[in-house]
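One chain, chain A, links the two complexes that follow: it is found with chain B in the first and with chain C in the second.
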Partner chain A sequence: MLGRLFRTVTFGLAALALVGGCGSPTAKYRRYETYVRKMELGTGNDKFRLSGPNLSSVDEVVTALYGTPDEPALPALDEVEVAQVLDLAKLKLAAGPVGSDEQGNVRGLYREHCAHCHGITGDGWGPTAAFLNPYPRDYRPGKFKFKSTPVGYRPTHDDLKKILLEGIPGTAMPSFKLLPDLEVEALVHYVKYLSIRGETERTLLEMLMAGEELTKDTRLVTVDVSTPELKTRQQDELAAVKDRVSTVVKRWQSAPEAVVAIPARDSMTAEQLDESRRRGRDLFYGAIANCVKCHGDSALGDGTLTDYDDWAGEFIGKGPDQQQLIKVFVAAGLPEPRNIKPRNLRQGVFRGGLRPVDIYWRIKNGIEGTPMPAATMKPEGDASAKGLTPTDLWDIVNYVESLPFESISDPFQAVPAIPRERL
Partner chain B sequence: MNAKSIICLAFAAILPAAGCQREGLSPAVRPVEANVVALRAAMGGDKGAAPAETVAAQEPTGFGTLRGKFLVLGTPPARPPLMIDKEQDVCAPGGKQVPSETVVVGPGGELQNAVIYLETKYKAGDPKWEHADDLAAMNAEIIFDQKVCRFLTRVAAMRSTQTMKVLNSDPVGHNTKLDGDGGARPDNFTVPSNSSAFYAPGGESQQPFPVSCSIHPWMSAWCLVRNSPHFAVTDKDGNFEIKHVPAGVQLKFRVWQEKAKFISAATVAGKTDKPFGKGRLELTLEKDEVRELEFKIETKLLGG
Partner chain C sequence: MGRFWSLLFLLVPILGVGCFVWAMAGLWPMRGHWLPEDVSSHGHVIDGLFMFILYLTGIIFVATGLVFFWFLWKYDAAQNAEPVRFMHGSHTLEVVWSIIPAGTLVFIAIYQMDAWADAKLRRPMLPGPDGKLNTADDIPKPPIAEITGRQFEWRIRYAGEDGIVGTRDDVQLVNDLRLPINEEVVLSIKSQDVLHSFFLPNLRVKQDVVPGMKQFVWFKAQKTGVYDIVCAELCGWGHYKMRGRLTLQNRSDFDRWLGQAHAAQNQAEFTPASGEAE
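And now, the complex of A and B:
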């Protein structure tokens, strides 16, 4: 009798766990497991693993700096005013569970609009990510493709906002133009926040590895401050943490200074435009711009098909052990790497935008995180040096914009129309 | 308790643990709440804390020289040929096969392209730490060339204040993609044939980072950027020399090779522990001393 009662109770518990357990656990950030693996392999010892206490100590510092998915926080830094880059009030609008109050003020915008693809952590690995091609962006390396700044610089606030407003043609990224401006602003701040948080996690893991006597019990920052020596040590360690965080934040703060200005495009007659396109075509196939090498002889994007982007490439490299590294890092949570394809320029789908200025920026600056390099410009006042001039770049832009409308870009062109079928 | 109830209990225990986890997902962060609160409090209230980079307290008494040789013990790994499948007339004239340069070992076991550099931090540009010759070369230009679709320098090392002039001595166009990490800015630009471009890293890298050409995927090199001038790359005889090493202070060096990454074990000057431990080399040079060190590395660390 007692046995049956016991069974009923445990069965009930099991059923309860099944129903209740998967409901809505508190949202948590995920660890940067791939970067942890990279750090471990970087020691040169395949068997080396960071311990639970090692990693928890990094988690604690990152949490102390940035809070949790429900309660975002901003680091207090001496060198740089974080509020100039991130607006905490807007972050709070974007963070937390989805909902709204009686006045209709929304909250949880990131989870409502972004997290299913980009993930709570901004790691580009939300529940739907595996089904998308291309994969959603992983914000944590701080690299973004479509921006007005050169490779190696962060995007500006407006660059990211443009992506949210316009979406990215040819991908699963939609436009959020229908959201009120305040909500779009909140999301842009939140994307920057997740990016800065991820970059911080990277740099703190690097800091942990740079420590000299790394043992199983090593902590990134001491929490035991029972003696004056330990207190001093903690202060030194925290100062080092803040220094690294300041470097991360400053890159975002200084992004607007790096924006590449674009000279105006000359207004042209139809004949001049044809002439410009012809020059652009010559440059496309020429040895200075060299577009043809990757975009292919017919600009179908079939020139180089074996490369990977940096989001995978930083882990798997290009060496003979690439296949082995793919296995190691996929096991650590890296999305199964796919080859990065040069854009098929005949489709008229340009991910960074269709405006002439967008295409100019892509050619001038290159595309961060991808094999697309920046154009080498001719130094002013040195006629003999090789390189491109702004006029050359506009010629290439004009040619690229004409490609989708050339006859060979339309595969149906050759099919003869049968008049009777139209009836 | 009979078997059935044990099974029931087991299910009850497994379900909450297993039911919600998605395959291939990184574990959630695991901070200890009390520590987070304590750290947050400690971070708020220490304006004007000590400078972040631990500046070495001792002062050098002069300069010495560190030089030596890297040797591989055992049969070095084979060097498979590169797959050169583009522009072969320029990149593989006459169909000549080019062996991979990941591990290049001479006939006597001499290891080429190993890197040794100073890790100890100090204020860059301090004349006590940097010899006048190094200070004079602080903003110098270093040359990084490519010919027959190969980078002529496998491992480039430079100061963060220096500029790299990237040459292209080929009749075909290249691009140079530098995957700078840490403070070293990543960059990626085209280099037209028989022309040049520039790379200014702006800061120190964590470790040597990859340099590649996206047009010719077999092209591969590495670049190390340091704030200090105290670094060297071994030549084809496995030799290296770092001149003007600060003397009279304990220094830490790191040793790296592209296959082994940070070399985790080596016999240095006949010993396996000190001065070499956990990939770091600890040394104190006397003023005007010339220290010779021989590094012996097992071939298995290089994939042999």
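And now, the complex of A and C:
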């Protein structure tokens, strides 16, 4: 009798496990734990922790604005037309589980092509991320390296699209050139969406911290509207949230206005080109451009090897407590920080593209999130001012372009004339 | 009941052959399941070898299937009242069925040698300093492009005008290979990370690539069009999408396109479409 009951229960549990175990759990966005930790430490009190209600109130607002990984949504804002930046129809192609809908349109492009490395949340921490060097990009701070706009500005749609089409040589990012244009477009929109969502989460956490008298029960937006005062308060808080979101979206919307024009490079004879490279070389080693400081005496990228990029640096800083902070933030989910390497310019691998305009942009604009600074510019012909002219920049570009083809850059050419005899 | 099973066994050779015939005929739902279109000059040799081995193994497959069927049919327990007799084996039979397959394998090994040499050893040559082909100073034809496989894309580096890969006038692209038709084309193949295999199904070319080694493949394409480049060696999670596009063009179209790609790569001026210029 007891045995029979036992068997029934066991079979029942096994059947439940079979039914329940099939299919993966619904994808969820991960909370921005590292930024939460940063906010907590920002209070100056090591023991301070944001409470569950504090944090879930932010989560709820972010979800209300942007939906879920399966059902993305766009915030409705008065000040700015979000649809100009993000196309909801395209987002839906990229969102959701991999597959296709009833009409045979593809779905879940982001999870098929990107989420392995960049993560469902776009936090650069997908399942394969730990094995990659450099780490995949964390979109949430809204910072991207290879773009036509200066540091501090968002990349344009075309900047991101170029990365998807061409890939990034020297990193694990492959090219998606052969995907249909609609699918690439959908992915670009989705990357922007995750980025804007992440930036919103950051700014809302900041807003929560900025509020007066933060207690365990403080909510980003009041839920209880039983009295007229509370109702007004909720309205004000919602307006403040929308204001912050508008600021985030506007930065993306205005990116095309910040694209940096590049004056044409003069066409040169071979002698003029040699002369230009020599000038570029002098600037490379000179005090104003001072490329040598990081890229090293022989441009092998061995000048400064102790820096971190902003994706780690914004948390761990540069202070004496850096090692301690690394422990704290790694525990909160930060990828184990690695020192950022200045580019070895002798390999001929240019991550942001090898067109002269790409290299010019890198030098003129700097590279967002890295120690590569923007060039200080001065007008042509002003010898007294400190800075670089467009001609100077082209000289540096010409020099940099020539580095991979110097004989010492080529291991085959650099083989000693008389090889060592076998012992 | 016993003979039912022997008939079931008879279905193995029948259905097996049927599948192949169906696929060769290209009937629904096996359309496009036979060999892809061959646009190379040497492909018929590879296909010939493939068909030769297929027919050979096909005959053996059918014969073995029929023998199995015949034994099952003849010695069905329900039809045979005689007791089972054991025999210890036949030395002659064993010698025969060892020598015939061995001889067949040796034949295949010798028969395919010329095709192997054409594909792997006899690289197209150019006349050397004496200006004459087929003399001792001939030089191997240099590759028109170097292709580097990496997880999960094919990076392409055209030799450019000087014909040397690794110089300033190289044109660097990804996943989009274009080649001229009606001439011997040599490609050098490398890998940056793990094992890949560079496979051009329509040109009957397949070459495994090992990191640290440089391989050469050569072929002559005979028809313009757009074809696939695929990776034929499991190289990681993205192996299935490590695809490239091969576009075969006339020499003049190819030269024009390469010129445009070179110009695009040397873009040295940028005017924003919108917004203020600085």
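Everything that follows uses one rule, which is that the second predicted complex is superposed on the first by the 383 of 423 C-alpha atoms of A that agree within 3 Å, B and C clash if a C-alpha of one lies under 4 Å from a C-alpha of the other, contacts with A are read in each partner's own complex, and residues count from 1 in each chain.
Operating definition for what follows: contacts are C-beta pairs under 8 Å (C-beta built on N, C-alpha and C of every residue); 3 or more make two chains touch, one makes a residue touch a chain.
Source: prediction; values computed, not measured.
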Check the residue A:172 against both partner chains and state whether it touches chain B (first), chain C (second), both, or neither. second
State whether A:216 touches chain B only (first), chain C only (second), both chains, or neither. neither
Partner chain in contact with A:49 - chain B first, chain C second, else both or neither: neither
Looking at A:278 after the superposition, I want to know if it touches chain B, chain C, both of them or none. Which is it: first, second, both, neither? neither
Touching A:75 in the superposition: chain B (first), chain C (second), both, neither? first
When the two structures are overlaid on chain A, which partner does A:63 contact: first (chain B), second (chain C), both, or neither? first
Residue contacts with chain A in the superposition, chain B compared against chain C: B
Footprint overlap on chain A, comparing chain B with chain C: none
Complex contacts: residues of chain A adjacent to chain B: 3, 6-7, 10-11, 13-14, 17-18, 21-22, 25, 28-34, 41-45, 52, 55-57, 59-65, 73, 75-76, 78, 123, 125, 127, 150-153, 203, 206, 210, 212, 214, 221, 223, 225, 234-236, 238-244, 247, 287-290, 293-294, 304, 306-307, 310, 313-314, 317-320, 330-333, 366, 368, 371-376, 385-387
For a test of understanding, state which residues of chain B touch chain A in their complex under the given definition. 1-2, 4-5, 8-9, 11-12, 15-16, 19-20, 22, 24-32, 35-40, 42-44, 46-54, 80, 86, 100, 102, 171-173, 175-177, 179-180, 182-183, 185-195, 197, 206-207, 210, 212, 214-215, 217, 220, 252, 260-264, 278-280, 301
Chain A residues touching chain C - in the complex, by the definition given at the top: 113, 116, 128, 148, 166-167, 169, 172, 174-175, 177-178, 256-265, 354-357, 360, 394, 401-402, 405, 410
Chain A touches which residues of chain C in the complex? 150-153, 155, 166-168, 172, 174-176, 237-238, 241, 243-245, 264-278
